Structures are given as C-alpha cells and as structure tokens.
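What follows is a pair of complexes built around chain A, which joins chain B in one and chain C in the other.
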Partner chain A sequence: MKKGFFDRRQLALPYVLFLLVFVILPLFVVVYYGFTDAEGHLSFANFLAFFTNMRTVGTLVYSLVIAILTTIICLLLAYPVAYILAKGEYARKHSFLMVFVLPMWINFTLRITALKEILTLLEGNLAFHPFLNTIICMVYDFLPFMIMPLFNSLAKLDNSMLEAGADLYASPVQNFLHVLLPLSVPGIVSGVTMVFLPAMTNYVVLDMVYNSTYIMGSLIGSYFSSYDWNNGSLISAILLMMIGLVTMVTNRLIGDKEVASR
Partner chain B sequence: MKKYIQHAVILLVLAFMYLPILILAFYSFTDSTMIGSIRGFSFDNYVTLFTEEALRSMMIGTVLLALGVGILSTLLGTIGAIGAFYSKKSTRFLVEFANEVPIVNADVVTGFSVCILLIVLLHIDKSTYIPLVIAQTALCSPFVYLSVIPRLKQMDSSLYEAGLDLGCSPSQALIKIVIPQIIPGIISGFMTAITLSLDDYFIATYTKPATFDTISTYVVNATRGSQTSIKTALWALSAIIFAIVVVSVVIMNVNAKEEEERR
Partner chain C sequence: MKKRLLALILMMSLVASTFTMTGCGQVEEGDEIVLRVSNWEEYIDLGDWDEDEVIDISDDVNILGVNSLVDDFEEWYYETYGQKVRVEYSTFGTNEELYNQLTIGDVYDLVCPSEYMIMKMLREGMLVPYSDEFKDDSIETNYYAKGLSPYINEVFNTLNINGNILADYASGYMWGTLGLVYNPEEVTAEEADHWDLLTNPKFEKRVTIKDSVRDAYFAAISMYYFDDITDESFINSEDYHDKLSAMLNRTDAITVQGVEDVLTECKDNVYAFETDAGKADMVTGKVVANEQWSGDAVYTMDQADEDGIELCYSAPSEGTNLWFDGWAMLKKGIEQDPRKQQVAEAFVNFVSMPENAVRNMYYIGYTSVISGGDDSMIFDYMDWNYGVEEDEEGVEYSVGYFFDMDDPDADEEYTIVTSEDQLRRQLYAQYPTKDVVDRSVVMACFEDEDNERINRSWTNVRCFNLDKIFK
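The block that comes next holds the complex of A and B.
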C-alpha cells in the first residue's frame, strides 16, 4: 500500500502550502512593513511614534477600556445564563442553548442596526451617549460568544462535585467560590478570548452608533484608506503581539486546569 | 438559586437578545421610517428589497461569495484534515499551529495582512476577486479543519484497512469508506464557513473590489447615508435572514435528535 503512487499523507500538502502562503507569510510581511519606512529601510520610527504620541496611546487605552468593560459585562450576564442552562432549571431542555446561540448566525451589522433603532427610540439621539451605546452594542454583539464556551465547560462539570460541597456544609456562596468557579476557569478563559480581542478591534460598532473616538481597529481602517501601509502594518503587528501573548497565557491557563482536573 | 429568579434571568437576557430583532421585523411590515410611530401596514420594504438593483446585486453577490468560499474552504480544510490526521507528528503540529492563527487572530489583522501581501506587495488586482476569496478562505478553512478532525478520531481505522484487503485502491477506500464516515463533520464545517463569510465585514473591506458590496459593507455604508427607503428595506432583509436562521436551526435540531434516537 505504501508503495503506490498515492499516499494519504500527501493530502496534507495543499493545505500546508495554503496555510504557509496565505496565513503565516502575510504575518511576516506585516511585521516587515511595520518596521520599515516608505523606502523600505529598517526603521523603528513608526513604532516609537506610536508609543510617544498621546493620541495613539490614548487610542490604545480607550480600546482596552472598551474591551475590558465589554468582557466583564458579557461575563456577568453570560455566567448565570450558562449556569441555569447547564445545571439549573433548564438543564434537561438540551435544545434551549440553541436559542441563546442562534443570534451568532445573523449578520452582526443587521443585528446592530436593530439595536440601534431601539436605542434611538429610547434616547432620542444616539449622539448623546456614544460611550454607553458602544458598550451596549458590543455586549449585544458578543454575548452569544461568551455563553457558548461557558455552557460547554459547566455542562461537563460533574454534579457530584457540587453535591459533595453541599454535603460538607459549604454555603451556596462558598460552593460557588470554591467549587463551581475554579472548575469553570477553562470556559471563562475561552469566553474571554472570544470577546476581548474582537472588542478591541471591531470599530464598525463604533461607526454605527456615531462614536467618533478611535479604537485600535479604527487606526488600521484609517491608515488603509490613506494608503499608509507601513503605519497600518505597525498597528497590525502590535495587535499580533498582544494576540500572541493572550493566546500563550490562555493556553497555559486552560492546559493547567485540564491537568489539574484529571 | 430560586426557581423564579432563574426564569427571570433567562427571560430578561432573551428579551435583550431578541426584542430588537423582533421589533424591527414587525416594523419592516409597516410604512414607518422610524420605530415608535406606526402609520399603516405595507410590503413596500420587501418590494424595494427585491426590485432595487443595488440591493439585489449586493444580496446575490454575498450569497455567491459565501458559497464559493464555503466550497473552497470545505475542500481545503477536509483534505488537509485527512492528510494531517495520517501524517507524522511534526507535520500535524505545524498544521494545527498555523490552523489556530486565523481563529485567534482579529479579523481586522487577518484581512489587512492578506491585503498587504497580495495587493500591496504582489500587485494582484482587487477587482479579480482573488484577494477577497483567498482571504475569506484563509479565515474559514481552519474552522472546517476543526470540525472534521474529531470525526476522523472517532472513526474505526480498521474499516479502511478492511477496504484495502478487499481490493480497494487507497483512493477508492478514501472516497468510499473514510469520506462517508466524516460527512457530518464536513457538512457542519461547510455551514460554519458559509456563516463566517456571510458575517464578515473586515476581511471584505480590505480585500474586496471597490464596486462590490457584501451585506455587511453595504449595511455599514447605508447607515452613513440618509436614504430612508434603503434603510427600511434593510429591516426587511434582517427579518428574512432571521426567519431563515430560525428555520435552519429548527431543522438541524430535529435532525440531530433523530440521529441520537437511531443510536
């Protein structure tokens, strides 16, 4: 069988090539453009300019604030929902999760349009509360992406753990803090990664509620429209570094928990 | 947690998630241009949606793009998963690492980086649709890969060997024995690829031809404009998409239940 001209391992080749050329190579090209000037000479000028300019540093801080707030609110809303669906009153109704995940499949610009109309009705003019509206729309957009991983990790959790806690006279609060919460860390971590980075870069949400303050994604968008490839690439490279860092930390957190739970 | 608190939490979150969509769907059947003031019922929005040339070509274009990207990603991701599954550890590690990149990466960065490589560096013309299709396929195929791999792991490997012993060529064994067993994974990967392409805004913005619009880019541009007939026709579009999604989720659920019962 191995001697034939066809080997199933060769099937990996087209996909390996595709990933190398269209996924990995673009990242190197972006890093190269980010650290060169328009003439192609190696330069840290853009990099230094980003971290010394108050405006761009302000953008970085503003996107972090939006991302952190969005993530926390999503977590606070999603955790009780995921718990009730996985362990509470709705635990036997398996298809009920679908109702909470379904909005993921509706185009997000159309969903934000719907929410925007409601907010306009409630507030009169969206321009009065740009920050509040941004957070509401971000939470609305990303909530299903937080509920799903939380549900998956809570549903896997053995009920006897919680019962053991209660048998050993843990109060419901203690049981939550010392049993449920630590065991659901993998779900929390993957939910946070699904919300945090998109919330830092999804500048369409801000555009749609007329919030003219920039976040990191808006910078790439504006450099793109002014054909400033070097600065656009620099922002992408900075985001890449953050993504790499977050992925490393989360992989470790999830990995540790999986080892611990064995 | 008390029973009634649990029901209240579920109800409140559901209201937050669904009321905007439902209210907008209701108003799409009226002739009002703003939510809150009903004048009369009408199907004008639906007529505009399917007669206005710009809207029609945008919808057809989005669907064709999603189908093309869906098919391409499914082929690449499935063949890649089969190949990687039988490859040696180092190859598989490389694939899994690269596969993870578009999934964790921000779409803005994915789209911009493909734009830099193909359009800025290699001077490929945007209007050929090549950068757009490649960039969206780079986003979607990793999700296909991830939905096919678990099916390969579940598969009974002796069936493939049995096929070979009974005189199948390796490619026949692959098509007649392996593929049918992983088909549910392939289908769900295909569906994921389609929805990702339909939902995408950022990758399309950085790689699409200037005159081409997807639903997302069109909606974002329309919110900047002031044409109310277009604005309310988009309410009709969101009502239709909502209905399609609800129906397909119900069908999928019924199918999944039947499959479970058969076991």
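The block that comes next holds the complex of A and C.
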C-alpha cells in the first residue's frame, strides 16, 4: 500500500494533534475551572450555588424552554419539507434543498436584523413580545440544521419498506407511525442535537430582538466579563454534561433502532 | 486529483498559520522602538477626510486629517527626536475585555481605559508613574502639561488609590457626562431632566438603558436616592459635592438591594438593555429616549440631523456620572525597554497637541480633556463649531471653568454666542455647563467584594425569576 510519502497513520497525526490541543484540552480546562474556587482548590460550592439559587436555576429552565420549543417547532416544520424533498417525484430535488439551505450562506446577524424589521412591521413594538420573537428568530435561524439531516436520512430510506407496509394494509397514518418514523430516528436525533444545544446558548438572538432575560450563554458571558472564570466555566461544564446526557440517550435510541431494523 | 489538491491546500494553510502564529512575538529590528498601544475602537482620527471637511477656524488655521494620527505620530517623533518608532496599534471593545487580555498575557505599553479601570490597574500595581519631565509645562513639546484643562487636572488630582494620586499614573484623553438622549417631539425637557424617565410608564417599552452594570447602576442609584439628593438642604449644604459623590457611590447591601428593585422595575419598562443598537433605534424612532454617554450622544444627534430628525441631550438634574478615558503606561510593557516610557509620553503629548485634539474631536465626536493652555485653538474650534454667524441672534454660553478655572472672570472670556437649541444639544453634550459638572460625580472603582455584590444583583435582575411562577 505504501505508494506516497506518508502512510495513513502519519497523515492522521495533524488531526490528532489538532483535536488534542483545540478540543480535548479545552474541555479539561473548562471542567477544571468549573470545579475549583478562585484559589484553585477543588470545590463544589459553585455547583451547589448554581442549583440552589432560584435565579440561576430559572435561567436554566428558561433556556430549556426556549430550546425545547425551538426544537419541536423546527422538527414539525422540517419533517414535511424533508419528506417532500426526499420522496417527491420530481427532478432537481437538490436545487430545492439548496433553496432551503441557502440562507445559511448569509451571515445570521444580518438575517435576524432583516427579520426584526419585518416583525416590527407586523407587531409594532417588538419589546412587548420578547419571548415570541425569540422563538421565531431561533426557529428561523436553526431550521436548515434540522432539514439537512432529516433529508439525508429520508433520502437513504428504502422505499420498498413503505410499499411493503402499504401492501400489508397499513393505513397512511399507521405506515407513518410504524414504518417511516422509526426508520428516520437517526435523522431526527442528529437534527435535534444540532438545534437543541446551540439554542440554549445563542444569546445573540435574544440581544438582537431585545429580550433582556438571560439564557445560559448570556450568563457565561456576564460571568466572564466580571472575571469570574470559575462560575462561567461551571455553567459551560453543566452544558457539557447535558450534551453528554443527550448524546447517551440518543445513542441508545439509535442503537435500539438499528437492532430492530435488522 | 481534486481531493488531493484540496488536501494539499489545507495542509499548506495549516502550516502557514502556525508560522504566522509564532511570528507575532516581539519584533524589534535595528534601532526601531516599538510602542504597543491599545485604545477603544474608533477612538482616534484615522485621517482620509474629504477636502471639503477642512476645519477653517481662521485664515491661518486650517485643520485637515490626511493620514491617521498614529502614522503622523511616527513621522513627528522621527522629526523631533531623530529616532525611529513604530506603533503597534490595537483596539478593545470594553474595559473588561482589555483587562482580560492583560491577565491572559497580552503585553501593551500604553492603554486607554476608563477611569475606574485605571484605578483598578493602579490598585493592582500594574502601572508606571509618569516622569517629572512629562509634567513640566515649560518644555516646548509637553503639550499635555501645557494644554490640559485645569478643571480636569483638579479632578485627576483629587482621585487617589491607597494614597497614589491618579494624576501621577494617568493622563486624560476624552471626558464627558452620562445622560439621556431624547426626542423632543415625544419627551418634554422636564421629563428628560430626571432619571425616572426610564421607569416612567408613559414611555413603556420606548426607552432603553445601557447593558452595562456600572452605567445601569448609576442611573438606578440616582433614582433610588432621588428624595435625598434633591432635598433643598442637601443641595445647599457646604460640602454638597462630596456628599453627593459619597451617596451615589454607595455599595452597601441595603443600597444594592434597593438599586436591584429599581433595575427590575426598569427591566419591565424599557425597550431593551442595549449595547449598541440604541443609537440606531433613536434615529429610526423605535425608542424615544435612551441612556447614553455624552460622546455617543453627540454622534447620535449628528446622525439624526442627517436624517432631518432633531434629538436632544440631557444630563439629569439629580446628578450625572463624570467619566473619562485616559492613557496609562503598563509596567509589563515599559519594563522591557526603558526607552519606551519616553516614547509613550511623547505619544500622549502628540495626541494632546491642540490641532490633534481638534482632529480627534471632529472625527469621533467626544470631548478632549485638552483646553489648549495659551493656545486658543480649542476654544476657537468650539466657537467655529457652535457659534452663530456674526449677524445672527443667539444666546450666550459660558464654559470658563473648563478653560481657566482659577480666574473668576473666565466666563467673560470663554463665552460663545450660540443658537438657542444648542443649550440642549451637541454643545451642551460636548461642553456641559458649570452647573452640570457641579452635580457630576466620578464613579469609584469599587472594592472586589462590593463588585461581587453588585454583579450578583445584576444577575438577579437579568435572570428569569423562578419564584415568580411559584408565587
């Protein structure tokens, strides 16, 4: 196999180094700061303080509500779109898909600014509906991230499965619930992970639509700007744990499906 | 083939980036002295003005920014001292960002943060004092010592940290007040004269407050102590200014709690806590008033003028925050090369030359701390900018305190005739009247534990309160 100057392992080296320095190491730094105090001693005080303060827990809840709502709405909007694009009988599917993904090519602050003006036209004063506007802008911002993985998983799906379901007298609803939906779980899972967690921290959207209530991302920013590295890192660490949890649960889900579909 | 090419390009760029990363360390070639300066974004004249922007103060004084002041400094320094210097100029967005950069390990020689950050750095022993030579106003090139406004000089000399006088460690750059920009068609001058405009239900969701702990705190504490500081006997007391300063700088637990309540009320009433959008939102009419630093207020009013909208500025009557940004030399940087201190001081002197102070004021809209000393250029610029034509009617506007504080008759000399609306507009924002500065206080650099208390209360204001649901 040795034809070029490097073998495969050597070629992987820069990436391994990159991952170590820019991904693994920072994670350890975050966890280290999160669970030490200002003097560098191991401490769970920040952790306890976070979960006993009604305001910080409130921020977590508020972020979760925003993220869950955004994810659900994205999923409801994206699924039919992805299905039609993937299974529809027409040419140039990919061009249509492109149209949905195209907004991602434009800087999102620019898009939100434009959307803000449209919402101002519709609502008048934006400040009276900060929560609604946050959700609208979040959904707009994250929708392509939901469509893409759903499209990919639906496009790969074997049509004969659906046909078999229909042949066995499954109603369209049954066919959807028992055949299509279970088979598209991997797409749903990756779409959800791509939307849910960023939505918890994307505070730029809140700033832009004049929502003055903090979410997890703004809390991290406010701690860092008052030089409180420990509390800022702690919140990042809490988010990290949530990512871990979500990934574990979803892996379990995908694993089950793969077993079931065999 | 394409893939291989792509991989090659990626690899090359990775290699290239590592080289440039190691490349930005210390480069001191030959006999060139490098001065590393960090200033606020958009806070110095970058030149490149149009020909018709020339400031023709008089027949022989025409000021035009051709090159950036930084380039001009390098040239001026070589001509004056025969030594090559190179300025590495960088910018920062907030005081906290600069401080964070410094603690992470960035090294600068000369920085320009706000007064409280300079005091914090002074407290932490990060600063080098200015030399005695720098303060000698008999030296021709000491434009700062010669031109500094006596009023600002007095403020700098009264502030100290653990006995270290601020004037020894910092030189001023820009200064101003904190106030409210408002639209006179929607808000009366009387309403804008008080901070409680921000909690006034009449303007529900049509006013903004700054998304910065200290600025919001100041507005709120002025509302919290409104009754005390507007009391007749308080205002007429002999040490009114000291008492006002002490009261608006309170950070005890009860005050912080009171301020938190006021800010919570603000949060429900305001359009937004804004960092940057406030200026544009004023011009587009989304909001009718917002909390603003005087320099940004001038900028906002100028912008609105271009769109044919008249905006005004008010420094509320209960009290305003006197702020300034100034140059401080950092130990870590200066220590590397003792010659740097002289270069840094020369840089301060250069930007303090009356002509350069005018260029900066024209370009960024803020007010320089330089009054010009024997040189009348700064006063002439103010007259050029705001004075009415000779055959027009106007009102008198005096700023003697700024130019010559010790002379009781200074007001006669330093009076311009301006149009009536300027009493509430750019002129008033740029050069506040004597009674505004009399009720202005510098916000202290709070102790760490006080800061912690205030930050915690700020988080309380901004976070979603779960208790609200359970009640």
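The working rule: the second predicted complex is superposed on the first by the 241 of 262 C-alpha atoms of A that agree within 3 Å, B and C clash if a C-alpha of one lies under 4 Å from a C-alpha of the other, contacts with A are read in each partner's own complex, and residues count from 1 in each chain.
Heads up, the rule we're going with is that a contact is a pair of C-beta atoms (placed from the backbone, for glycine too) under 8 Å apart; a residue touches a chain by one contact, two chains touch by 3 or more.
Keep in mind that this is a model prediction, so the values were computed, not measured.
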item	value
Side-by-side fit of chain B and chain C on chain A, or clash	clash
Contacts of A:125 with chain B and chain C, given as first, second, both or neither	second
First, second, both or neither for A:159, with chain B first and chain C second	neither
Residue contacts on chain A - larger count, chain B or chain C	B
Chain B versus chain C as contact partner of A:14, first or second or both or neither	both
Contacts of A:207 with chain B and chain C, given as first, second, both or neither	both
Partner chain in contact with A:224 - chain B first, chain C second, else both or neither	both
First (chain B), second (chain C), both or neither touched by A:198	first
Partner chain(s) touched by A:52 [first = chain B, second = chain C, both, neither]	neither
Which superposed partner A:105 touches (first chain B, second chain C, both, neither)	first
Among 2-10, 56-64, 146-154 or 218-226 on chain B, the segment whose C-alpha atoms clash with chain C after superposition	218-226
Contact residues of chain A, present in both the chain B and the chain C interface	14, 120, 207-208, 224
Residue numbers on chain B that touch chain A, as the complex places them	1, 3, 6-7, 9-10, 13-14, 16-21, 23-24, 27, 34-36, 76-77, 79-84, 86-88, 91-92, 94-95, 98-102, 104-109, 112-117, 120-121, 134-135, 137-138, 141, 145, 164, 169-171, 174, 195, 198-199, 201-202, 205-206, 215-216, 219-220, 223-224, 234-235, 237-238, 241-242, 245-246, 249, 253, 257
Residue ranges of chain A touching chain C (in the complex, touch as defined)	14, 54-59, 61-62, 120, 125-128, 207-208, 210, 212-214, 218-219, 222, 224-228
Complex interface listing, chain C residues touching chain A	11, 14, 94, 96-97, 99-100, 103, 205-206, 211, 213, 267, 270-275, 277, 286, 451, 455, 458-460, 462-467
Touching residues (chain side chain A, partner chain B) in the complex	1, 4, 6-16, 18-20, 22-27, 29-30, 33, 77, 80-81, 83-85, 88-90, 95, 98-100, 102-111, 113-118, 120-121, 140, 143-144, 193, 197-198, 200-204, 207-208, 217, 220-221, 224, 229, 232-233, 236, 239-240, 243, 246-247
